[in-house]
């Protein structure tokens, strides 16, 4: 016991002495996650981005993160502690951190803030988001080509604009191939409850869908699809491991590209507030390899991807009708970002009533 | 496959972990101990089961590990509440807190690892030399019975274990001497002690059984239901199990009905959504809980029956006087 | 060889005072072991965990914000638990109070004057109490087990709030995100010392409630009634106390305080309603109540200690890169040690070598 204690004291001393030695002139880039950095979904995708910053700028930058931060006063405290601990730039990665980030930005004018998926900016507060709907449009096209029943199942999390936008883009993509294509939506009311997502997938299959796509985080729907021998799309990361013969493609969040760019800007002193809504062209999301589909479908998908990247194709382009049959976009008209960012209606062809 | 058949299967899968965790807790509570740490033991079972299966490649070893993890974790609870007589409610809640933290810590290494799924009973039996093939063949033939065939004969072993446990616990509690002793400990520990019963020893055994069942339920989640590890993957099912025990007024057969009812309501609400009925999903998500309250009220109106089944010493620490 | 507990004739004053410190020492030792096992310096770890958050004034404010709802709820629960009523649905009453209290600023945003805030607080208390009255009514009318009903109602309240913030109460100018409109200036619970940090009046409510509850329990007839009915309903009946009325009293009180905590949190720290407003305060408060040994003054200390572990967890993450999971394990461990050491107040621990002699003695 004594020896053990001695060893501890020694270790403690050694560590406390070595602490200042490792002290750095490095710039601190900090991240706040709503979930755990190993949640296998949203927060993990952001953490991979952080790791990319470490890898590419590691000699000049030190990254710090706080995980499992609930929205509200806890977020405010975590952000303030980061700001006080010498962070040069703080990425608040969840929509729910908005007001806390805005307050912190006002309080710490020398620190740069970036708020993911938000819409409030300030001198030292930028916002960023990714046009995930671009990927969903491609998925819709693939689904319409691959489905025999003409119905796809959509496992959705919560009826926020981001998710509604995805459902609509998927529907429009599918209708561009098969105008009669139908979408069945199930709201799981959770981001990560593997078992519930699996239940939702089973229910959808029982009701006759033969393609599943999801806007929840776990690989459970992919596993169910594999068991039932139908196809599915991955979400947030490449889920091919969960369904080697099932996954058609996946939308992969690649926040790292953006994070590296912005941290570099801080290093160079060129950082300016911005309202960034990047898409596939800028590399903030990628499509996982197109697998388990015939060549003609693959060619079509690649073709669409190229057109979206070049700006030739915009998923929300008229004529588009709302679910109730009223006109939303006229022939050739494209939706503006403000409407998209606040989307709260379905387009025609979605077999669901949007929760209000 | 018939839709009805498939729905039944889905309900059975959803109900099994609830039933398992609840039947364990039922025995614990019958012995007079209230363990609110079911969620914690369950999630520990899930992570240890998944980890062991991922490392060895064998889902059977994974299941063993899940049970073992549940038992070890329940012993922690047992030591605190039984040996040093801490408050059961607070200790159980702390156990859940610790379990959720510890499991995420252990599980960090397994996030995103491909899962191993436990085979169905028939496929498992088929691997036994000599007798395996014919028995499995019989199962597969029986699975062809319309409607109920697949639900009864094409399931994972844990499903059968859960049903066997319900029957076993019923027999044990109400038709054996040991069961009588266990109930007497739960009803009046002082007089049981006076009659020479080892109250603490029996409660330890009950708590360990509860841990084993909760661990198994966790293993079912990470090796059968959704063969993967996700943090907090029990997602409140331990709490539902606790609710089911009271819902069933501490009767195993009612527990069976309750677990399947709960499973049916939660699957039913998803079907209602997929049909596009347009009912607010929050209302549908609340339905199982409202249903539980309602049924509970209906059941407990017959107060004499309820009182008869409620373990009178529930939640009270026991320290033998001498 | 095994342990054996021997009941003390009366509570040990010595161990009442010593037990928290023993628990702390044990936690520090185990914490040091964990930190060392993870290759982190134990000294730094404990420093960031327990000391650093207390060194700066703004951080003390944050501690008050975190501890206030825990203390408020736990004080109410202590009365509940002392009277043998098992309300574990404070989380739902917290949400119900927040919703009821938010009716004015959300539905009548033009109603702006000095009365708004007091009315909101009263409505919050009423909302929480009304929601707490449901399990009380079911228990007294039908004999329904209150542990279960109060727990089930938590999920119902959470779903209801979710529906409100995504549907009818969603801010019309908020880009359809699931938030209500921000509370106007008259509806915000003011900060105590805006110059030094953001603590609001919630902590004052918590402290007042704690002192009042302490006085009620230890110095009044009502408190005597609570304890008598809690320890022996039969004795209570002989003394002429009504167990039914006590059920309502306990649930209304604890529900009301949880509701006050809910509206204080929303009006003070958040400033609007969102689908999730509590990271489990109602459940954590149960642990706080027991850590404080169901004594309102002890609960104040327990709430502060538990609040500190949250702050410390963050500080350790930021300064040492220690995972949040370690912080949570650490927290669980601390709770176990505190609970375990409190045994010493009521019992002596004796090591017995021979089981037989023990039985005979």
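Some points to look at:
For clarity, chains are labelled A, B and C in written order, and residue numbers in each chain start from 1.
Operating definition for what follows: a contact is a pair of C-beta atoms (placed from the backbone, for glycine too) under 8 Å apart; a residue touches a chain by one contact, two chains touch by 3 or more.
Here is each chain with its UniProt name: A = BMP family ABC transporter substrate-binding protein; B, C = ABC transporter permease.
Since this is a predicted model, take the numbers as computed values, not measurements.
Of all chain pairs, the one joined by the greatest number of contacting C-beta pairs is B-C. With centres defined by CA atoms alone, the chain at the far end from chain B (ABC transporter permease) is A. Chain B (ABC transporter permease) and chain C (ABC transporter permease) have centres, each the mean of its CA atoms, that are 29 Å apart.
Each chain gets a centre from the mean of its Cα atoms; for chain A and chain C (ABC transporter permease), those two points are 35 Å apart. Multi-chain contact residues, meaning those touching two or more other chains, occur in chain B (ABC transporter permease) at positions 104, 108, 280, 282, 285.
Among the residues of chain A, those in touch with two or more other chains are 36, 189, 355.
Within chain C (ABC transporter permease), residues 159, 162, 166-167, 323, 325 each touch two or more of the remaining chains.
Interface residues of chain A, counted against chain C (ABC transporter permease) in their complex, comprise 8, 11-16, 19, 30, 36-37, 64-68, 70-74, 76-78, 80-82, 84-85, 95-96, 99, 119, 158-161, 189, 341-344, 355-356. Those residues of chain C (ABC transporter permease) that touch chain A in the shared complex are 32, 36, 40-44, 56, 58-59, 62, 65-66, 159, 162, 166-167, 175-178, 182, 198, 265, 269-272, 274-277, 279, 310-311, 314-315, 317-319, 321, 323-325.
Residues 3, 6-7, 10, 14, 17, 104, 107-108, 111-112, 114-115, 221, 225-228, 230-233, 235, 237, 266-267, 270-271, 273-278, 280-282, 285 of chain B (ABC transporter permease) are the ones that touch chain A when the two sit in their complex.
Across the interface of their complex, chain B (ABC transporter permease) is touched by residues 3, 5-7, 81, 86, 88, 138, 142-145, 147-149, 151-153, 155-156, 159-160, 162-163, 166-167, 283, 286-287, 289-291, 323, 325-329, 331-333, 335-336, 339-340, 342-343, 346-347, 349, 358-359, 361 of chain C (ABC transporter permease). Listing the residues of chain B (ABC transporter permease) that touch chain C (ABC transporter permease) in their complex gives 76, 80, 83-87, 89-91, 93-95, 97-102, 104-105, 108, 239, 242-243, 246-247, 280, 282-283, 285-286, 289-290, 292-293, 296-297, 300-301, 303, 306-307, 310, 315, 319, 321-322.
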